[in-house]
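Labels A, B, C and D are assigned to the chains in the order they are written; within every chain, residues are numbered from 1.
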Amino acid sequence: LAKHTVGLIGGGQVARSHAIGFSSIPLFYGSQITGQIGVVAEATEELASAAAAKLGIPRWTSDWRTVVSDANVEIVDVLTPTYLHKESAIAALEAGKHVICEKPLASNEADALEMYEVSKRSRAKTLVGFNYRRVPAVTLARQMIQDGRLGKVHYIKSRFMEEWGGPAFPLTWRFKKAQAGAGALADLGSHSLDMVRFLVGEPKEVSGMVSNLIPERYPPGEKVKARSDVDDQTSAILRLDGGTIAEVSASWVAPGRKVDLGFEVHGSEGSLAFTMERPNELDYYDGRDPKEVQGFRTIYFGPAHRYGSSLLFSTPGMGTGYVDSVTNQMRDFLEAIESDKECSPTFYDGWKVSRLIRAILESSEKRTWISVE
Amino acid sequence: LAKHTVGLIGGGQVARSHAIGFSSIPLFYGSQITGQIGVVAEATEELASAAAAKLGIPRWTSDWRTVVSDANVEIVDVLTPTYLHKESAIAALEAGKHVICEKPLASNEADALEMYEVSKRSRAKTLVGFNYRRVPAVTLARQMIQDGRLGKVHYIKSRFMEEWGGPAFPLTWRFKKAQAGAGALADLGSHSLDMVRFLVGEPKEVSGMVSNLIPERYPPGEKVKARSDVDDQTSAILRLDGGTIAEVSASWVAPGRKVDLGFEVHGSEGSLAFTMERPNELDYYDGRDPKEVQGFRTIYFGPAHRYGSSLLFSTPGMGTGYVDSVTNQMRDFLEAIESDKECSPTFYDGWKVSRLIRAILESSEKRTWISVE
Amino acid sequence: LAKHTVGLIGGGQVARSHAIGFSSIPLFYGSQITGQIGVVAEATEELASAAAAKLGIPRWTSDWRTVVSDANVEIVDVLTPTYLHKESAIAALEAGKHVICEKPLASNEADALEMYEVSKRSRAKTLVGFNYRRVPAVTLARQMIQDGRLGKVHYIKSRFMEEWGGPAFPLTWRFKKAQAGAGALADLGSHSLDMVRFLVGEPKEVSGMVSNLIPERYPPGEKVKARSDVDDQTSAILRLDGGTIAEVSASWVAPGRKVDLGFEVHGSEGSLAFTMERPNELDYYDGRDPKEVQGFRTIYFGPAHRYGSSLLFSTPGMGTGYVDSVTNQMRDFLEAIESDKECSPTFYDGWKVSRLIRAILESSEKRTWISVE
Amino acid sequence: LAKHTVGLIGGGQVARSHAIGFSSIPLFYGSQITGQIGVVAEATEELASAAAAKLGIPRWTSDWRTVVSDANVEIVDVLTPTYLHKESAIAALEAGKHVICEKPLASNEADALEMYEVSKRSRAKTLVGFNYRRVPAVTLARQMIQDGRLGKVHYIKSRFMEEWGGPAFPLTWRFKKAQAGAGALADLGSHSLDMVRFLVGEPKEVSGMVSNLIPERYPPGEKVKARSDVDDQTSAILRLDGGTIAEVSASWVAPGRKVDLGFEVHGSEGSLAFTMERPNELDYYDGRDPKEVQGFRTIYFGPAHRYGSSLLFSTPGMGTGYVDSVTNQMRDFLEAIESDKECSPTFYDGWKVSRLIRAILESSEKRTWISVE
């Protein structure tokens, strides 16, 4: 069993999902590869030791530089708030580590570009946490589009809607532009922008509109509200080559939408539709079916599909979810390291998404289309 | 049985739906009111007599002025291609007739405004054919929003997607900007824009992008392609007061979407979702339900709802469709005439939608937001 | 326009649907044929004149024999409570009339058989009101099965679930075995039994269990409860040739199920699923599709399908419902009269369903399987 | 971290799911408890060492008695073909071990009863592998029924339909009655029978019908077919107290149904519907909602629900599946051991299901209802 040692910078909920992902590879895939978390850094000794206890990690530290300089650590996994990504990710790259970094890559485009450029000069692998690319339904959607099953793609609606960000939600760093870069657009919309690039291609021009619907929130534990200066919902139109249009929506104030990372794609020959709320299903319409039996068909995932061997049985539809996409991601990343192959999404993809976020914010402010060519 | 005599200008498929709508009122509602089509005008004698035969209309003419000047005609119903609406509708208003006019009201905003202004000076009732307002699920959605069930509305996605407009579809007047005003945006998007206004309110500013995906088509019966200068799909973002956003999409090249006039509305307290493909259902999420049993509920329509008495039995869910919305519309219009009450959507609403279409086209061309205040 | 004169015996809600059905044929189909209701009989003069007023019928009577002997009446349409069918239907047949009769054909098998035998000796057309056969999705399902698309059929689940029959519903004739024959089994289950025969074939043996869940109800307008001796829900298993199994369920105490006449059919090569709550959709699974894109596809109905020309436009999915199935039924029946062809379901089918109802009741009582060969 | 040592008897696919389940407890729940597999037995040394390698188990054996007598083993997990359960499970109980046993408990009722009686005399905990009880949606369904939200339950449809058992599937032990007890009825139907008991209660009387649709299959690796003497599909009606009816269906020849373990429950006040194909959703109809907004609501699972803390975030709907139900089961079982509390389903429940299977087979053969009181 090839064990790759991982050092975590950040020990919260995403850390837990990465810990599960790394450790699940052998039993889910029968793959002789795994990631073992050797050390975790958190802001304080207390937080760090609690995270270590919770996740079963042998060592902990309140100084992230300890992780970066640890000779046993092969992969540094950066899971801090967005504005803290750059310093540690660049330090890790410069220390010769492979680097995983949460999305969005940085809180502004300039930082994201700098991170990407440092990564270009290193021989390390980078990975940005757009995990939904590895939900089997999303992976199949891309494959079908690339195989030409939809013909020429005309349109994609790519959305990410959740409901938790109402007025009662506290003023954490996600609600501060300087730290998060943007609100729902950065947290959720970054995934939807990545979907557009992953499934259809590179946008050329954007128009967007942000809405700061809840301008004041209570800081955690406080009784006086303070300013939230980010978008609670954002809508954007992106123009690609040849008249192809992407509509992107992000919202954390969408009642009833639990984890509606979804898309609908129209091509000249067919269509696809997906939502993460039904992660095990992809709806596909083949315009070449005989007229009298045409209709969207609901594909369930199993052994016939990529990542399907992670399912337990020869029965499709046994259920997949967020965690499974993380396991799939970590396996692909570790295998890329072992075979020294590319493993997208890299910091390049992270930078491209940050660029789109910046352009949408600029468009909303200037009330004009912004080129991103 | 109060019979109102209607004169049709135009005898095609929509004429058939109006004929069914007028004649169905008594049996569906037990209402002592009906519309009786007395005369139909078409472009030629041949077309006119064929339409009369098909729809069981006693008289026909190739001169629409005959309809307008017919003393027996109380209501003129204008169902011609869009660019022909203005002349006959204004003539009918000036002849003292009530006027029904297909959507969009005109092929440009100036004509629509002129039609509205003539109607303001007359005592006639006007109706523009936004029939989907009277699908019971849509009617309930508006009622629920007005009753405050959703709290403050933040967002509406309003779309109309169909699949029939691929390259094989011939170059009829709908594909010529001078005659239709726009493409999918005018034909389908006008309904979606009306939905935004009907459900949520008046947009203030728009950004849009049109795509002319199939720039050449075969004129009917011809073997050489000619230019189609309209949008096959359009996306737009509309800003309303208070950060409320409307996303509008129209497409006639959406494989698998049969009649996906749909919307999703998010408010501070709940959400609604609808598609005309399941016309008998409205999905409603009540954010105030107890957490453990929260979820979108699928409401079926029946006697408990407006227009529900048109259903045959005390059983909800017996099925409703396009035709029923037309019957509902015609009943309301005839009752408005009898009681001399307002019956929206009037030419005012028709003008407002034409204004939005114009602004979206302008925004797409100038790559900037356009105010419609 | 060929007008066939119909005499109604019974003027309630089903009469209304038949009136709509007959009168809708020309405008929905452009068919030069229609049924015109010339006279209606009801239990009293008052009821009869009210029905005539409501449905726009020129003559009325409190003596059904007047309808049967009326020389102008070509078709007698029997819409009375079940136990009253036999006398008037047989009299009509003997008077040389074509006869339509509501389902179930009679309140016991012997009466149904007698009615069928009289019909065999006459040259009249008979029709029993299993209207759901003519919902386009059901018609297509049968066609697909007959074309072999499912391979050999192994299984059908055929159910009819509604929710209205709770304790508050009054003790009408439907809740009395002597008059209705059975409860939910006769009212709703008769349709489901007809579906089994229409789609898959003739059952040979049955086992059933009835549940009289609400043994006492208030007679209309009374304050003392009286006995209801029928089933509120019934489940049955039917064995057909070759190990094929039909499961039949009927219930009028199924909360949330509005008009869930539904089925699921499994064959060796594919499956079908339908519910009347989404009357415009048929789900079809083709086991021969490539593994990676296999899934139930949702077919929407339109011009490509039988009865599709009744829709207004070349757009599928504009909506169909109960009334449309009645219109389709009446058109087929009138055309069968004109062309002197068979038009199922006839009294033969009515008898066969009554036979199955009798066998299920007997099985439930004797706790044993009952042969119906 | 409290580690409980488990010995596996059987090392196939279910063993893998149990290995995942035991090892996932700490990271999914933050629970300081885990199961550690110390030894695995398989039929041969070769199979045993392969299973140990695949699942990361330190020791292996070809003699299951070694597992039973291993002093370090606290829990014996019996995962062999059904006819082999009894001997090893009883030996394990007699050796003082806690015992987990796959479903159905035994290949005939007598063996199941004997296993239950031995367990009664021991102080060990027993668990039979009806894992679907611990899908959060199923757990909530039972809670809602017990809390009276549905009122009095009248009806349950409980089905388990899959598609893999067509003629190409080889003649393994599951297709031999002597070894498996029954076909689809034992493999899948046992879960559905357990659902009836778990959700609604104890059946009193059954009528069933089995279908042996594919009477010959190829033994693995052979070219001459041999006899399969089990049901490929089975339908049964079960009567409970008070007229409550359960319909149970099992099939492994249901094209398109991937893992359709599903149910629909009707009570006097509401209804529930579920399918494992959408494991993260429960549909609930509250008959007491106001008429105009009544409808089935789709509940997504998250922190508000039992087992919801195993999800990573405060976001419901992140996805759950088969494996998660196993993790939940193992956690509950280990906690029951630590606290010496009951943990259903025990061998008692396993026996009760075997009894129902026996009665359904007998009913099908004798063509009569069979009492199970």
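Rule of thumb we're sticking to: a contact is a pair of C-beta atoms (placed from the backbone, for glycine too) under 8 Å apart; a residue touches a chain by one contact, two chains touch by 3 or more.
The structure presented is a predicted model; accordingly, all values stated were derived computationally and were not measured.
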Between A-B and A-D, the pair with more C-beta contacts: A-B
Reference chain B; chain at largest CA-centroid distance: D
CA centroid of chain A to CA centroid of chain C, Å: 54
Gap in Å, rounded to a whole number, between the CA centres of chain D and chain A: 36
Separation of chain A from chain B, taking each centre as the mean of its C-alpha atoms, in whole Å: 40
Shared-contact residues (touching 2 or more other chains) in chain B: 285, 294-296, 300
Of all residues in chain C, those that touch chain A in their complex: 140, 144, 281, 283-284, 286, 289, 291-300, 304-305
Partner chain B, residues of chain A touching it in the complex: 150, 154-155, 157, 161, 163, 166-167, 205, 207-209, 211-213, 232-233, 235-237, 239, 243-245, 247, 249, 251, 253-257, 266-271, 285, 287, 294-296, 367-369
Chain C contact footprint on chain B (complex, rising order): 1, 13, 16-17, 19-20, 23-24, 26-28, 30, 54-56, 162, 164, 258-259, 276-280, 300, 302, 312-324
